[in-house]
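Shared chain: chain A. Partners: chain B in the first complex, chain C in the second.
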Partner chain A sequence: MTAADPSTADEHTTAGEHRPATGTPVRRKEDARLLTGRGRFVSDLVLPRMRHVAFVRSPIAHARLDGIEVAEALDVDGVHAVFTGRHPTIAPVSLRAQSALPGYVETDQPPLARGKVRFTGEAVAAVVADDRYRAEDGAEAVIVDYDPLRPTVCAWTDPAEITDPVHDEAPDNLLLSRTFRAGDVEAALAAADVVVARELTTNRHGGNPIECRAGVAHFESADRRLTFWSGTQVPHLVRTQLAELLGLPEGDIRVVAPDVGGGFGVKAVLYPEDVALCLMAIATPDVPLKWVEDRVEHLLAATHARDHRYVLRAGFAADGALLAVTADVWCNTGAYSVYPWTAGIEPLMAGGLLTGPYKLADYECTVRGVATNTSPSGPYRGVARPSTVFAMEALMDSGARALGMDPVALRRRNLILPADIPYRMPSRLVDDSGAYEACLDRAVEVFGLEAWRSEQARRRGAGERPLGIGVGIYNELTGLGRAASAGPRMPFRTGHEACTVRVNPDGAVTVFSGVTSQGQGLETTMAQVVADALGVDYDAVTVRYGDTDSSLWGFGAFSSRQAVIGGGAANLAGAHVREKVLALAGALREVDVADLDLRGGQVHVRGQEKPVISLAEVARVAYLQSDRLPEGFEPGLEGTKFYDPIRGAFAAGAQLAALEVDPTTGEIGVLAWVCVEDAGTIVHPVIVDGQIAGSIAQGIGGAMYEHLVYDDEGNLSTGTLLDYLMPTSGEIPELTIDHVSTPAANPTGVRGVGEGGTLAPNAVVAGAVADALGVEVDDLPVTPARVWELVHGGGAR
Partner chain B sequence: MKCARFSYHRAVDVADAVTALAEADGEGKLLAGGQSLVPVMALRMAAPEVIVDVNRIPGLDHLEVHDGVLRAGALVRHAALAGQTLHPLAAAAARWIGHAAIRSRGTLAGSLAHADPSAELPAVLRACDGAVHVAGPGGSRRVDAAALFTGALQSDVGEDEMITAVELPCPDAWGFAEFARRHGDFAVVSVAAARFGSELRIVVGGVAGTPHLVPAGDLDGPLDDARVASLADAAADDVDPPSDLHGSAGHRRALTREMTRRALASVAATPAREPV
Partner chain C sequence: MRITLTVNGEQHRLTVEPRRTLADALREDLGLTGTHLGCEHGVCGACTVLVDGEPVRACLMFAVQAEGCAVATVEGLAEPDGTLHPLQEAFSVCHGLQCGACTPGMLMTAAHLLAVEPDPDRERIRAEMAGNICRCTGYVGIVDAVASAAAALAQDERP
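What follows is the complex of A and B.
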């Protein structure tokens, strides 16, 4: 991996001189605790009188609940209570993901199953005990009477075969359907010189953070205040939602997300278990309740993603111009419309961004969110686009073969270029990035495409192991503002973030940011942004986040938004406080503010080396010596700003890889993997490269290893990490990461990098295997067994 | 994933362990490396009432060769087996087991008693026509590899018995090849091959409930490429593998052919060596 040398990190705080923190690999503020095993996770939290919760989970995919017998469980040593969906505190509450989209079918998700269970792993009861061992003893003793119904597992099952719909409100299991239309697609297809068709499926998998879900809920009866420590990506959103669901004033709920061990979207959801835990805590006041999800629960019942089918056609002109795309898309929503994002999260992203970085006028795409008796689908890094990039790039590869064109040349022929910006995509999203060709050019150069093509030809001639080259080009929609808000017309818009910058009485700076971190280094990134905007050293800045009592507001971590939007708010707040500092300094020293500059924590007259006053002294006046405050100045030295980018920043990326295939075993070997992204202005080069490397690794996991498999009865066949294969460092190849930089039109110029890396590996791996073997790869993941079948069991063109 | 309640007995010697198992009356389990037992307990797929910890029993970690046979104590860890040079086939196979942490804890005898058909060491024991020594209430007995593995996860070690030592004859030439989904996974297919004089033994793991011995017969000529290819074909024809998430029957048959070919290529390439 290419990365800037961290050894330069210490150089930037040379005494007396301020150098920008942005762009340098400063030491991460969180590393001292995270790398020495002293992180503070929910699992580490121990409170007086705390008890532990284990959930009883349904072993059946679809059944009526005829009765739950808890007496035996209550007799288990150490068990204090057993809750079911009929408990009076729990029975009235439902999670109901709302959307104003026409035709969207709203459905209820109970905190604990009521009336029936809809997927294997759904929580039907919760046992409260002295420790988790005893809670699981109690859970084993709960007797549930299930009356089985016919399960639906596949989202593209013929609706005529559905006898027992998942929700009565949707007899055909269809929760949502929408058609994206631009131009006249049939006319464009008729005018095309070639039309290619593909039918593709992508594999259900999930985020699997190292830390599974976890929560501690504590309701204090004296002041009727609920504190919920949660490993969530979205603490402020959780507070709002809990207030609505629990009927508590929002100010009486405090949500704290301490250190969180990975999220990847899985923790951007408010889960029924979270709500059940809080309701149980209210029912047992002054007794904190802790639930720490284990891996078996996580694989069964945390949100899944990417269980899709695509039926596609594309028309091309003889010169390679893409003329038309039609798509029919089925997304498996699972048993419930994920709260609060709804069943629309994957299908609408699929339809909105299918065409990716390619220019297209004539487009028709019908997307569906279909309920099944499987774990609910939710946001997972990349949301639908790892599947849509696979689909779009498969069309490009098919088009290139049909036209006899070089696949890279065909892509280049159709890319959105700088002259096209702002480009209105056929889904009406507005693309502000014209860096696709620059990313592709750089990737081709770094990868050495010509040399790999020669090696491929040499191997073919020599009868050696076949080698294939895969290409994936993508547009990652990052930092969505109010005009392009994440999610389908929900009752809230996710466009903004708030940040408070406070200069303390000693002149040091504390930042209260609405962003959250699940290990991606936001503490460091926000400190860099504020240090530069305010004019202090990076080391003088401390960042607090994740506690709704201390920071004003943030939507949190999803849609690659935090550096863009949270960083924008941090920049604006820092600049705002800088103005306050300079104004007070100018008044104290009787210097025109316009002549003053703040750098390295010292106020200077521009062009002069010797400072006129230190920030520490300004702060001392502001807080402790109000007698020195000039007329018109309030005490205190802080400021809060919101930022909303209105639209968002598209981040361009291109990945190329060379893979070899062993036809005797089906084994795939990665020989080279190159990624070039446009992150705009890079705040911290190592964090950015880490985001890209990690997301490519997760993408490779989805492309080659990870698959949540249900049998026909709706039992999860891959219930442990013995069968659900996640890539380890041994499976991830050496990655070459490079950059182009076109700063975005936002305060810091950054473009999001949280998800882009995941978008291409499906397309790259499938494309490379197809290129190596002369076959079409239509189904993911690309496993040795599947490759072997492609070589030996048909599938060759 | 928290195990059910159990009582714990730390055995001071083999007799103590066997007595504790007998007293548990079928509800006891030996704890050695714990790399298979502890996960199934955590999943509550096993809930033994008594855990008999044998890790502190002295004298069970010996590794030595007498008369061309490696004799290993029950507590020899995979890491020790992987690191020794007395029995290169066992060393090569042990390096395929799991990851470093697993190899540091897991034991040879534990793996054999657990009898996972996809595990490496049962295939090696069968390829070397080795044996285990088993202690029980009625004394000690010797069980040949051919009789030890009775089915998937089933071995001829009684619930009140303990493997105390393992005998692994040292082959004149050897080979081990494995195909796994990821580094450290159980084999989809593994092949252990061993030549003793003119006798060639080929054992395939992952294709049946027990390690599958392919009838290879005597080597009456050189183990050249043609012979390797025909033996690999014969092995592929001889197995009747299952289909599962990680490979179809056809894929496993093809893997059997290729892993046999690779293992036999190693056999052919093993340099002649002095008897130890």
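What follows is the complex of A and C.
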């Protein structure tokens, strides 16, 4: 960083040379440490006197806890303590996900099981020891007496069969139900030329970041301060929630999320283990406690998602117009209403976004969140929409078959178009995009749809391996502001982010952003946005985030919101500080501020190449030379701004793929995969494409491989990565990613891209296999076994 | 048990329990936290290091089995002056990493691949890298990076 030296001012970038950082694939600031093994992950953290925690987890899905015997565990070498749900520090505390939604049944989640266990893998005790090995020795020596109850695993079990409800407060296991209604759906169905019906299920799977959950909690008794290093996506929310749960002033809690090894929603939850760890740290003051989850624990007890059933009808007019949709939806919420998002997270998203990019007036959809004796469901990249896009596109494909229409033409007939914007969806969400047809057109062109159709026909004629074409069009709800806040009427409203931009005394810039990063490159993106808004070089900007003691406020990473909202705050804060710099520079050089420009860390009179003063000199005056500070100027050079987009930015996307099926083995081969998204203005093209590629890969994982399977007794039978198949470079095909760009109405023009890619692969894979084989694919994942069944008829459901 | 092993060219003497994994010995006893743990059952590949030049899952190998061995970890890839290894450079340029959790294992697997097979095509790269799971990138940037590093290394070798 050379801007600190005013003597170099003359050599500095001239007006013609200075280029904005936005739109440029600058080197990521994260890379230097992450590539050299110098990342700072929670699991890497070592503190003096630190001890290690291992949780004892229930091997039974549903049981009364008759007693926990810890004496033997306490005898194990190196074991210092064993905590259970009855420990006086832990017993009074419950996580209780709240929502003002009518009919929502609130339930408690204890930090460590109390009275009974509700899913296999629930933490019932925690052992504190000198190291992880001894903690696990201790955990093995804890003896738990379980009195089994009848488990419920399936969310669409007949309520009459439920003898032992998961929570006493919900005898039918129903935690939440809501009906979305628009128009008169039965009349519209009666008027339809064609009515199609589908029954679909989607497969439970999860985020599975490569770094599992991790936390270090340290309570310092002298000043009663708690520091919690956590691999969380939402440090400020965690601080607020911990303050409530632990009864500590919020200012005495510091939550730090340093480098986090992937999140995808799974780490946007405050978990009972997190709360237990903090409570144990309070009970053993001045001894930092560390818990690093292993993969087996993660598969068992981190949140799952997408275990849904859809019973659907759609009515179409003879010209292909979509007239009506009815839907009955069951979402398996697992054993607990996920904190703080509630059991509503998936069902409400499903009902609100089911109709996706399609115009529809008459709609009726009842969604349910049903508790079962399985790991809780929570946010996972795309929340519910990978399932709803599959459902909606299945209706489109059925409609096209029934009408004898081209499936792409039928979709095009019903898309929300630019002329329809703002479009009020039947769920009353307001769509500001309308770029669906542009995305579809571009995708059709890049994919070469006609050529693939010809190849399909040729193969059919020649009796070669069947080829199918799948289509998925979607709207990604990104950057939600206060008017469309994420979450079901929770006690907090997630519309805004804060950003502080500070010019240091040496003229370099430090940004304290409310965003967090789990790989999305936000350290880089925020630096780009601030560099341009302020008028300095990208290299002059350093970004700090993920620490509640340094950044004012951020809700964190979820709902594809950070580039939109955090980026908006960064832009506003940068522009605000730029004004301060120019005002001070103008006063110091006696030049009209309106004539001044700041670029590349140098203040220029507009149109002149030679700078009048450097940012470094302005900063020196602001901090160190108050004798030069003009009348009316306060010392210091920083500013903080909040941004709230109020509504949000819908991001349109379309994916097309050509798949071939081996009828003998059921194996599916991906021949081509194209995705076109409207990311609005693109800050870092390579990061944006990386987000899209990664989310498509996760979508393909969910569509073809990943399945968390419980047996009837509630045992997870896919408890390792040998059974739970995450796709590798051998499975994920080459991906073609392209863009249309309609800048959104926010300070940077960006639309979120974190989740869009995950939304289509279920629809694309199922649609392509159906197209290849001339069958309907109703259940996911589309594994070789399922394909084989579809080919051979027997056993298909 | 007392063991002696060489890590990134430096000899270390350690006293470890027989059950201690090589990964924990590297991370906790030697402070080399660049080697990451993703599954601790040998599937994800995040903990891949080279032992006497061969890629090994450090979570599946006991530290005592590394007695007398030369271990290479991600911390040893760059030059002592900080110049990045061509693979590290290519991973940055091609966006072959996002969160960085799988990256050390990816880099070590790729380093081994290019050591034994300097000019793999994309299909070979995909097949050889398939023992390492990345949850962020969709592998596009990783395959690009390995191919690009192979080209850069070939350029360096040229007389």
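To be clear about the criterion, the second predicted complex is superposed on the first by the 776 of 797 C-alpha atoms of A that agree within 3 Å, B and C clash if a C-alpha of one lies under 4 Å from a C-alpha of the other, contacts with A are read in each partner's own complex, and residues count from 1 in each chain.
Quick note on the criterion: a residue touches a chain if its C-beta (ideal position, glycine included) is under 8 Å from a C-beta of that chain, and two chains touch if they have at least 3 such contacts.
All values reported here derive from a predicted model rather than from experimental measurement.
> Report for A:A745: first if it touches chain B alone, second if chain C alone, otherwise both or neither.
neither
> Which of the two partners, first being chain B and second being chain C, lies in contact with A:L624: first, second, both, or neither?
In the superposed model, A:L624 contacts neither chain B nor chain C.
> Looking at A:P784 after the superposition, I want to know if it touches chain B, chain C, both of them or none. Which is it: first, second, both, neither?
first
> For A:G730, select first, second, both or neither according to whether it touches chain B, chain C, the two together, or no partner.
both
> Is A:Y705 touching anything from chain B or chain C once the two structures are fitted on A? First, second, both or neither.
It touches chain B, and chain C stays clear.
> Which partner does A:S43 reach: the first (chain B), the second (chain C), both, or neither?
second
> According to the stated criteria, A:A361 is in contact with first (chain B), second (chain C), both, or neither; which is it?
After superposition on chain A, A:A361 lies in contact with neither partner.
> Given the touch rule stated above, what does A:R28 touch, chain B (first), chain C (second), both, or neither?
Second partner only.
> Give the label of whichever partner, chain B or chain C, reaches more residues of chain A.
Counted on chain A, the partner with more touching residues turns out to be C.
> Quick check on the superposed pair: does A:I143 touch chain B, chain C, both, or neither? Answer first, second, both or neither.
Neither chain B nor chain C is touched by A:I143.
> Residues on chain A in contact with chain B in one complex and with chain C in the other?
Shared contact residues on chain A: 132-133, 294-296, 720, 722, 728, 730-731.
> Please name which positions on chain A make contact with chain C in the complex.
Result: residues 27-28, 30-31, 33-39, 41, 43-44, 46, 131-133, 207-212, 259-264, 292, 294-296, 518-521, 686-687, 689-690, 693-698, 720-722, 726, 728-732, 734-735, 757 of chain A touch chain C.
> For a test of understanding, state which residues of chain A touch chain B in their complex under the given definition.
132-133, 136-137, 140, 294-296, 664-667, 705, 707, 709, 717-718, 720, 722-723, 725, 727-728, 730-731, 783-785, 788-789, 792-793
> Touching residues of chain B toward chain A in the complex: what are they?
Answer in residue numbers: 1-5, 43-44, 179, 181-186, 188, 245-248, 250-251, 254-255, 257-258.
> Would you pull the chain C residues touching chain A in the complex into a rising list?
Listed in rising order, the residues are 17, 19-20, 24, 27-28, 31-41, 43-44, 46, 73-75, 77-78, 84, 88, 91-93, 95, 97-104, 107, 122, 125-127, 129-143.
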